[in-house]
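Note that the chains take the letters A, B, C and D in the order they are written out, and that residue 1 is the start of every chain.
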Amino acid sequence: MASLAFDVSHLLAGGLVLLSFMLLYQDRMYALLNIFALHAFVLSLSIVWQAVIQDAPHLYVTAAISLLFKAVAIPMALRRLVQRLNIHRTIETVVGIGPTMLLGMGLVALSMQLMLSATAASDPLIREDMAFALSIVLLGLLMMVTRRNAVGQVIGFMSIENGLVLAATGARGMPLVVEISVAFSILIAFIVIGIFLFRIRERFDTVDVQALDRFRGERQ
Amino acid sequence: MSVPPFDPVTAVLAIPLGAAAILALLPGYRLASRINVAAAALTFLAALALLEARPTPGRFFFVDDLNIVFVVLSTFVGFTTSMFSAGYIAHELDTGRLTPVYLRFYHAMYQILMFAMNLALLANVIGLMWVAVELATLTTVLMVGVYRTHEALEAAWKYFILGSVGIALALFGTILVYMTAQPVVGQGLDAMMWTVLMRQAAGFDATLLNLAFVFLFLGYGTKVGLVPLHAWLPDAHAEGPTPISAVLSGLLLNVALYAILRFKMLLAANAEAIAPGPLMMTLGLVSLVFAAFMLYRRRDIKRFFAYSSIEHMGIIVFAFGVGGPLANFAGLLHMTMHSLTKSAIFFVVGHITRIKGTQKITEITGLTESHPMLGWLLIAGVAAIAGLPPSGIFVSEFLLVSSTFYQQKLLALVLVFGLLVALGALVMRLAGFAFGKPVGGMEPSRMSYAPIFLHLGFVFVAGIYQPAAFVAWLRHVAVLLG
Amino acid sequence: MIRELAPFGAQMLLVLLLAPLLQGITVRVKARLLRRRGPPLIQPYRDLARLLRKEVVLAENASWLFRAAPYLIFALSWVAASLVPTFAIDLPLGRSADLIAIVALLATARFFLALAGLDVGTSFGGIGSSREVMIASLAEPAMIMIIFSLALVAGSTALSTISVFAMSPEVGLRVSLGLALVGLIMVAIAENARIPVDNPATHLELTMVHEAMVLEYSGRHLALIEAAAALKLLLYMSLLACIFAPWGIADAEADWTAWAIGGGAYVAKLAAGCVALAVFETAIAKMRVFRVPEFLGVALMLGLLATLLRLVSRSL
Amino acid sequence: MSALGVSAATSVVVILWCVAALIGVAVCAILAKGRAAATAFVYTVSFVVTAVATAIALSHLLEAPASPAATVLPAGLAWTGAHFRIDALAAFFLVVVNLGGAAASLYGLGYGRHETAPERVLPFYPAFLAGMNLVVIAADAFTFLLSWEFMSLASWALVVAHHHVAENIRAGTIYLLMASFGTLALLLAFGLLAGAEGTYVFSAIAERGAAPPVAALVLALVLIGTGSKAGLVPLHVWLPLAHPAAPNHVSALMSGVMTKVAVYGFIRIVFDLLGPPVWWWSMLVLGLAGITAVLGVLYALMQHDLKRLLAYHTVENIGIIFIGLGLALAFEANGLAVAAALAFTAALFHVLNHSVFKSLLFFGSGAVLSATGERDMEHLGGLIHRMPQTAFAFLVGSAAISALPPLNGFVSEWLTFQAILLSPALPQWGLRLLIPAVGAMLALSAALAAACFVKAFGVSFLGRPRSRAAARAREVDGFSIAAMLGLAALCVAGGVLPGVVMDALGPVARDLVGGQLAVRAPDAWLPIVPIAESRSSYNGLVIFALVAGAVLFAAAAIRIFGTGAARRSPAWDCGFPDPSPATQYSATSFAQPIRRVFGGMIFAAREQVEMPRPGEMRPARLRVALRDPVWEMLYAPIGMAVSRAADRLNPLQFLTIRRYLGLVFFALLSVLMVLALWP
């Protein structure tokens, strides 16, 4: 049982990292959204698995939230957003894909090095989980930094959050996981609403972040 | 039904929450602002009650020497700021920058912010603390954006994105802490409770603890406004309502700082963990010097003082990074004094910008002539913030510089350099504000100076005389901080 | 008390009486050198007496300072001159000022002279004073440096002690003393407004310094100033005498005969000095005003050099 | 002989009460909001209080009790408390401070009436006095620095009192910056002295002393800290800007007294707290001091603004004082106690003298200012006719500051020369060669000072008025006259009876350099003999008597042999008198010969003459361009560097959110890297 538990969760976490790489790689809008939906779905799977092996029923709630909210609701919302604001369908990246991927590799290596050296004491399952979670977080951050437009950044942020949830669920018996995931969902909701909000109030013609920055202070 | 026994902790948390609920429903800003003040006052009294009868640490909340300093300070500044905003916001309504709806929203948010900060300070569970900080962030984001101008929304957005990332990092750190604690303490809530963690920190896995601290420091450091995580701070201060600028500088930064201090204590309790000192000192000095240079090119008075807040947060973090009873004492004192002084300065600036109808530094001159009271108060405030005696900040800088220079000469020299550069900018600007021919609005200021007098009074008395009890207490905390 | 102070009083009277004679001798000798007969030796006395009896013509806006200055200048120069040992050393009151103080007294006199030059508010007075202070600002440091070198040799700034030392066998030929002597002569020339620094006889405005300052003076005031100038010349001569040629000077517990010898020797030295001065002035021409700084710069350097050399040799 | 029946032990308490009174007056002045009555009230009370304080300090100094009077207040740093102490040194400087304060207050009684913005002067004036008193009696590092900076702050407020003049604001800003710079330097110095366990009380520090390498660092920092307040070159730049900007009685306090408080700080730390000196420290001090003396007076010669000229002379005199202190260090380091005492006494004597005549001169310039509204000498002239008393007082001050006997300035410089002449006793080569050169600098600066004051007095008070304002001047009020004449009397007294002062300074020297000169009391009017009579001696009284006698003799002789007849007529002026006052020598043209000698190399002085072509009616103009080497070599580059750095960093305010995120990302990565590579 233990080995199986280990393998499955390992598999799912690894899958998440892989998907993060795909997010990083992907530069077409809809595909990006789909991949993110998949990301969230795999996450919820792994949460369910954690719920099973830790027999912690409250984790099912978290799983449900991430499934419904992030795998379904948010992607759909963003899709509508993209249509409504007819944002051009390709995402211009700052650095080329190749370098980004290399950097991503570096990040994964770094996180492995850190976690594995760190958690030598604690049991391997958590160690792996944590390593993957850290790399997902870093990759998400990298994505936020290298994507020029807001949808891309939002997705990057949400993948960070997925990484966090993975970590939280991976850490055995961590309390408040549900609350935290709820809080985070609110955060993301705010971001999405914010984008809508700006659009509706016609303050910004596009959600391209540079347009936001046009109204920078002190540029009189 | 019987009246439940008075429990200050509950009071400190419940009063703002209830007030928020009322204010959210209540139309009519006059009453609302009064209720706002009243609630803040009650909260402050409750916090004072904490000084008297300190409750035993509960499962979710606890009070010890460290966080009581913060609680009393933040409730006090919250109270005075509410007094100030009562006069200020009303005027915003007259000029039509705000609608009654937004005003209601503003007051409710104000109380929620108070609640969130007290929650963060009193929380015994690191997860709860995290949630509270996030809540505080969200509320301030909404209040920064309350004017709905391009700049305000942009500032809010920037604050929001950067804040969220910081929050995320902090959460990862929190999870890591739990993971470190869990093998030793065992699963469940215990592994997230300060009271437990501090007791057993010695047994934790050092390397994991270091990693956790890195994330927590950078995460909460974003809130503290440390360079290079500071970007949100100047705009948020400049574009939001002035009372919020005061609250941000006076309180929210401290709350984030408090979180960092807690985890620093955790590390200090663990023998193998690498000392967090170098990291804190580095970022502290970077913030100090960077902000000092940024002061020179500012054109907006509120942004100007926002950068000075960054500078002082740098000094404080540096002080705690140096560590040792003397430097920690200096850090705590500096933090207290900075909260009082900076919020007082923002009060004055609020009056000024309202009268002059602009925040452009070049359009604010000759205050000592046109508005002697405001002008001299501003001089007093800036002199205090610049560390000129007899202000409490002089005391802390005296202790910090003199104690640091003996051990690490180079660092102290950098510190002094930064202080001088910042002083140069402050003095130059001050001369512009206070002297020369006055321009712009001339009508006298009708609002009350009471909060300003209160704050500056404390600051200047502290420069000459600090009550023995107060000092003994701070020194005790300083020793706790290690 | 009176008996004690008598010798000093005698010295004061002596210098006052001898001072004009110096000018008489100098002029006379110069005339001779130029194959002219020249005025009689007592001519300066006559001039002074005549000036004293003339009425004073004051410029309209001359102030009280203008009228008070001559008295001060005269008094200061006189006191300074009589503080230099002439025929005897260690006279009572003789020690109430050392060499530095004497020089400073002359500086005070010059201070008031320069002010007097500015008082009437004429351009020539201005030229005179501004050039005078320029010269002084170099001459005084040079003098101080020379005093340093002497004081370091003799271990004292008191003239009596210095001349005692100069008479003692232990003073051999010292390079620093030689330098000091040259420097002192140069300073003396500058201070007394003699050729080549200034020309006491000229009234060609653009070249004159001392005469330009006193241009507005007449009658008794002029007399006092002339007397002061004469006293200053005498002062420097007796300074040179008592430092570099202290022969025959009477010491502390001397009797009348010794004093008489000293007095005779003193007059002889002065006469010699005047002849030398006359020869020197006839031999060379006046230099441009802005060469003067270089001239005095040399004196200053000599003084400093003397001091340093003295230090070096002392520490070997 | 305790004044007011106050025993030496309680003197410190009395002084503290005086300080409290002054601060109380300041508060009253704030409340009075510059009503007419406030002026008289403030200056009267300040005068009384400072006079009392002077008496107390004087009695303490003359009594010279074995143990200093000390007390501790429960203020300042909580766990050390505020320590106050009056020993001989503090007593002497209290005399200096309060003497100047009393004179300034008396003067202010008259001068203050002309004040245009009393509400900006009255509150800070007593506060300034209080601050200076506190600095002198403070006996722990915190209280010292607190008072020190408080003093700076109060004087800053006074400098910017007339805030419509842009250059005053600039002066104030530079002043406050330099002051804080100095304070931070002192703060670092105290940090070193306090050591690891943080002992801030002076007595404890003095016991611990400091290890040689640390001590040298402390010395450097103290030179910066006190030098920037006293005006040592190259830290003097603020002084000629700030001192003239203030109202004149404040200028007098700043120039005459505050700089002395800085000197006190130097003495207190270097001679008292720092332990035995090392000989080469004195090289540093002497070098700086000599340069300061010469540069200061040369700067002064180039000025034609009367107050700025006086301010630059303060720089020069500070140089002279520090020469004395440097010599004292050199002798003390070599165990020559008596020589050290001589040099130290000379320095302190000059401190007293300068505070007296510099205050006097600033009062005089203030009288001129209030009578004519002019500070620029080119617009003055002929004032001696319309303001005879002021002219007389200013003349005495000028003669005194030019070190002319029989006034007090001469005595202190004479003592300094005597100390220089003891240099052969020093074993170190460096000092033997340096000290005579410093002596030359001292002589040069003395001579130049005389030249400068011939110019200052001659151009402002003598000659013919150069402007209608000068022609219409009226003598100033009685209070001002009284203050000036009183100080003039002190100048004479100090020069005629130097022995009294030197005896009073005896205990100070004994405390700090461990040696003492022979005490001349009770017959202190006899000649002062630094070392031995065979070596050198000076008797101000006899000189004074002889000169006076000679004057009387001359007068009598003229009465007997000559005539007293006098007749007024137009000026002779070699036959072509010109009625226009423009033909007089002006301040600039007076300094021209000296400028040609010295200005070329130091100030890169350029004179360009623009001649009208023949037939043109416009006047020819001569322009003099001077450049301040210190400013251009030191301060301008610093300013440039700061602004360039600010420009470089400024774009960081205008990045995009993504870039800011990038910063966060970068920070996180670099820290993680460090952590990963941590052993």
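Points worth noting:
Keep in mind that, in the parts below, a residue touches a chain if its C-beta (ideal position, glycine included) is under 8 Å from a C-beta of that chain, and two chains touch if they have at least 3 such contacts.
If you're wondering where the values come from, they're calculated on a predicted model, not measured in any experiment.
The leading chain pair by number of C-beta pairs in contact is C-D.
In this assembly, the C-alpha centroid of subunit C lies 35 Å from the C-alpha centroid of subunit D. Each chain gets one centre point, the mean of its Cα atoms, and the points for subunit B and subunit C are 79 Å apart. For this pair, subunit B with subunit D, the centres built from the Cα atoms lie 44 Å apart. Note on chain placement: the centre of subunit A and the centre of subunit D lie 70 Å apart, centres being C-alpha means. Residues of subunit A in contact with at least two other chains: 114, 117, 141, 144, 153, 212-213, 216-218. For subunit B, the set of residues that touch two or more other chains comprises 157-158, 161, 165, 210-211, 234. Within subunit C, contacts with two or more other chains are made by no residue at all.
Contact between chains, per the stated criterion, is found for A-B, A-D, B-D, C-D.
Within the complex formed with subunit B, the subunit A residues making contact are 114-115, 117-122, 126, 130, 133-134, 137, 141, 144, 153, 157, 160-161, 163-164, 167-168, 171-176, 179-180, 183-184, 186-187, 190-191, 194, 198, 201, 203, 212-213, 215-218, 220. By the touch criterion stated above, subunit D contacts subunit C in their complex at residues 381-382, 384-385, 388, 391, 395, 399, 402-405, 410, 414, 417-418, 420-421, 423-424, 429, 432-433, 436-437, 439-440, 443-444, 446-448, 450-451, 453-455, 457-459, 462-464, 527, 533-539, 542-543, 546-551, 553-555, 557-558, 561-574, 577-578, 581, 583-585, 589-594, 596-597.
The touching residues of subunit A, counted against subunit D in their complex, run 94, 107, 110, 113-114, 117, 138, 141-142, 144-145, 147-148, 153, 209-210, 212-213, 216-219.
Listed in rising order, the residues of subunit B touching subunit A in the complex are 125, 127-128, 130-131, 134, 138, 141, 148, 150-151, 153-155, 157-158, 160-161, 164-165, 167-168, 171-172, 175-176, 178-179, 182-183, 187-189, 191-192, 205, 207-208, 210-211, 234-235, 238-239, 298-300, 303, 360. Per the touch definition, subunit D reaches subunit A in the complex via residues 653-658, 661-662, 664-665, 668-669, 672-673, 675-676.
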